[in-house]
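Notes to accompany the following structure.
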Amino acid sequence: MFEGVRDYKTFVGHALPGSFFLIAGLWWAGKYSLWYTTLRNKSLGSTSTRLASRSTQRRLEVIEGSRIVTFCVPGMLAEQFVADGPRLHLYDYSEHHWDRLHNWQHSTMYLFFGLAGAMSLIVHTTDAAPLALDRLMLAIAFFIEGFLFLYHLHGRAMLDVHVHQLLLFCVFGEAMVSFLEVFHRGNILLELLRASLTILQGSWFWQIGFVLYSPSGAEWDQMDHNNMMFITMCYCWHLVFSLLVVMNMSVASTLIKFDPMSNAWIQEAGLLKRLLRRLTLILIHQW
Amino acid sequence: MFEGVRDYKTFVGHALPGSFFLIAGLWWAGKYSLWYTTLRNKSLGSTSTRLASRSTQRRLEVIEGSRIVTFCVPGMLAEQFVADGPRLHLYDYSEHHWDRLHNWQHSTMYLFFGLAGAMSLIVHTTDAAPLALDRLMLAIAFFIEGFLFLYHLHGRAMLDVHVHQLLLFCVFGEAMVSFLEVFHRGNILLELLRASLTILQGSWFWQIGFVLYSPSGAEWDQMDHNNMMFITMCYCWHLVFSLLVVMNMSVASTLIKFDPMSNAWIQEAGLLKRLLRRLTLILIHQW
Amino acid sequence: MFEGVRDYKTFVGHALPGSFFLIAGLWWAGKYSLWYTTLRNKSLGSTSTRLASRSTQRRLEVIEGSRIVTFCVPGMLAEQFVADGPRLHLYDYSEHHWDRLHNWQHSTMYLFFGLAGAMSLIVHTTDAAPLALDRLMLAIAFFIEGFLFLYHLHGRAMLDVHVHQLLLFCVFGEAMVSFLEVFHRGNILLELLRASLTILQGSWFWQIGFVLYSPSGAEWDQMDHNNMMFITMCYCWHLVFSLLVVMNMSVASTLIKFDPMSNAWIQEAGLLKRLLRRLTLILIHQW
Amino acid sequence: MFEGVRDYKTFVGHALPGSFFLIAGLWWAGKYSLWYTTLRNKSLGSTSTRLASRSTQRRLEVIEGSRIVTFCVPGMLAEQFVADGPRLHLYDYSEHHWDRLHNWQHSTMYLFFGLAGAMSLIVHTTDAAPLALDRLMLAIAFFIEGFLFLYHLHGRAMLDVHVHQLLLFCVFGEAMVSFLEVFHRGNILLELLRASLTILQGSWFWQIGFVLYSPSGAEWDQMDHNNMMFITMCYCWHLVFSLLVVMNMSVASTLIKFDPMSNAWIQEAGLLKRLLRRLTLILIHQW
């Protein structure tokens, strides 16, 4: 079924980050939708509710930040110490060339996202830094991801270059939206747009895997202009898909009733579990 | 008179969207001009008038949204099921190529505009979503239109590429203006600029039809640089035309007197009819 | 001294718009500097002074708008009806090519600037339109100027293309600054930046005339890369020059004392003359 | 060890501006971090403290501006009058070519930074000009630096062009951030981002020196695509380094206690010395 071990590995190498971005996008879509609903319901509630939800928010942010860090650090290490990783060797002196630059580049990307997560942790656990710092670091992390991809494509086939260029649209889009959030923090539209673009990035990584290193062994004609045109249109369909997912989650979240009691209960009995269960329910409810 | 059936079809294929964008542009120019006038007169009116005009606004938005949807859904279906449409077949397995990608691309564009219309409906009938969502979706729809055109032009003749590139200026311009409206909602200048660019897009579609698939059978030299220079200038004249139309409608709308009585009457007796009649009067008044 | 009549004409064709932009830039630098000073002094003055200065402002704007119109309409006519103008003929049917497109392009540019002037007149004489409309039209006029230049350069020599590309930096810069003024009206920095860029454009037109159609008959090697590098640097010097001029005028304007008496007098006895004299004095005072 | 005198000179020619930008970036990181801390502590202090710190700020700005001027004027002169400088000769009439354009270009860059420093001096010593003028001039100075580099690279080897293009990212980034500060003055994130990008620029100048004119005499293969990919990644590491430096300084500055007494003392007994010592302490404290 697979052409070879290498192709299979590369397919997984695209599916893995794709899955992570999909999860991140869904998480953000759910988080910001629920907050937006809470904010609208809160006008009816008391001050104590408001304080409670603010501390809930902070705890969610801390959880998110620590998850990002605990995912990026092993990711960096894995890229270095897997079977054919560079093991922190940067230059192969025997053959006079750079050693496995792709692994190093992926490590660098993980590093920036890890830094963004760490920054988010610092911002939300201490009062030392201004709040908007987490968005600025996120914008830088996305920018660097796109920046490294940009100089990654030299000398590849036309279709290969094209599918990666399409990826750049959403990566730089996310960088721009995150940067705008530095000045317009709490704008629900920007937050949901970021979530949509992240889901788009995730599903597009899967698409790249299927187009370039298809597990079924099918090969696309890299020089056919019709393939280019189809892929461009396909990208738009991924965007429609991600927009609809985010919208459905957003609408579903408004159907959930928040009452102060449950809100207090959340804080006591495993906040994350309940929220994840809710998100799952919303997702199941949709399909 | 026509070189062939195919050329005629392509001419109609440019004239049709052109007409729709022209109508949309004129509608927006009229709507926002009237609102701006009402807003200025309202400072003299009572609270009840203000409430009345707000519900009028909402009804107009709902009508606009439903019109867009009822136009885009048949458009999508027509692209699929016309005589030589793909009928939802995406890949021709017998000849191993993608099936009528142009129809599919047009369907995709309709899909995004339909989505923008549906979003506008949801925003203005329920309170679930933030208001600015309609502009964000509009910005995305225009961006996708330009995005698909951008990768549409490979391997065509110089003049053909050029007239479509000029189209991109106003399409991306509309996307940018709509995105700015997310942050500066109700800015009359941005709204009228959007209307102007939409009229420009509509009239330019007609121009493309006449240049590339002229019904009179005249053919332009696709490689003559003088033709390029003339077409560029011609584009500017279309812009002047659209700016003047929007300005005239805007000025004419200030001559119409709004009194609370008629405003209440509007709500009772066929809102749309009267408004369309007014817009027609304004247009007749101009020429 | 001149290589031929045609070169001389082209030199004048660059010097003339250059002079007009120089005058416009100096006028703006003076106008906004004086207003800024008045505004700062006004906090000490009475309400009547404030009203007086506001009506003075409006009258200055009206004078500016009408000057622009009375300059652009003859400009358009001159481009059409000079000795070798197209006289409103667009297409030469005998030889089957477009007729004197350059004159038509210049007419188009005049048209947009004339429209911007007319809009400024309408905005400042009636209350029908929002104030920021004058800046929006100015932004469009500058954008169209750059847009037409952009497709003007096909097939010329390297240095010729380069000096015109440098011009585009300040033209699009002015368009961007004017567009920003729609949202940040009255920001003295944007106003002075616009004035500086306009002076830069004016002096650069003169420079282009001297480089490409030097009256002394000297010819530059169009293919020498050193010339390109020198011209780029030269452009920066023009910018320094224009920045220093605007700054000096700005500083000098703060030395002038405004008292309510003279302010009232201005309105009665030839506003423009006195102001122009003042500007001249400032300029003389500098050099 | 060195290949020749020329290479050594060019290495120093990159190390020197690199060091200056490093110092400027560290200075800004320290200055804005301390101000941010002071601002947060000030809410506990009295009015007199607030006034004191405002005058301290102004004095710091004046010192900064005068330092920039006293560094740029000799820089300009040095570029002209060093052993092989052009000594103000612009054109070599004997050989008919421009004379040492590189020195002239560097002089021009110094000129713009000097102008920015002088403007900062004027803004902070007099009340004549609006505050944001210093940022606008800084934006223009960075823009011109990037602009001159952009047309500097014609006909060089691939790697040479690439390392300089990477430099442009941070130079234009600084220009953009400074321009945004015109509208968002006092935004600590923009200020620290500017500091980071300046440190990045400084360390990248050193990197360019080591890559292109290595003092160890090692030569990089200018045509190897792997080198390109490594250099791109290396640029990201420089960014991480500069972000971490700024963050550490920022966090360290919050550990310093400011009390009104010491604040008053600062004004009396050599402001700059103490601050520099503090910055040094912070730096030592970090490593």
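In order of appearance the chains are A, B, C and D, and numbering begins at 1 in each one.
We take it that contacts are C-beta pairs under 8 Å (C-beta built on N, C-alpha and C of every residue); 3 or more make two chains touch, one makes a residue touch a chain.
Keep in mind the model is a prediction, meaning the values are calculated, not measured.
Engineer: What's the call on chain C versus chain D, same or different interface residues, using the half cut on shared numbers?
Structural biologist: Homomeric contact, different residues on each side for the most part.
Engineer: Which chain's mean C-alpha position is the greatest distance from chain B's?
Structural biologist: Relative to chain B, the chain whose C-alpha centre sits farthest away is D.
Engineer: Mind checking the rotation angle between the two copies, chain A and chain B? C-alpha superposition, nearest 5 degrees is fine.
Structural biologist: 90
Engineer: Rounded to a whole Å, what is the gap between the Cα centroids of chain A and chain D?
Structural biologist: One centre to the other, that is 34 Å.
Engineer: Approximately how many whole Å separate the CA-defined centres of chain C and chain D?
Structural biologist: The separation of the two C-alpha centroids amounts to 34 Å.
Engineer: Approximately how many whole Å separate the CA-defined centres of chain B and chain D?
Structural biologist: 48
Engineer: Which residues of chain D are in contact with two or more other chains?
Structural biologist: In chain D, no residue touches two or more other chains.
Engineer: Pairs of chains that touch, anyone?
Structural biologist: Contact pairs between chains: A-B, A-D, B-C, C-D.
Engineer: Would you pull the chain C residues touching chain D in the complex into a rising list?
Structural biologist: On the chain C side, the touching residues are 36, 169, 184, 188-189, 193, 224-230, 232-233, 236-237, 239-240, 243, 247, 250-251, 254.
Engineer: Once bound in the complex, which stretches of chain C touch chain B?
Structural biologist: 97-98, 101, 104-105, 108, 111-112, 115, 119, 128-130, 132-133, 136, 140, 144, 147-148, 151-152, 154-155, 182-183
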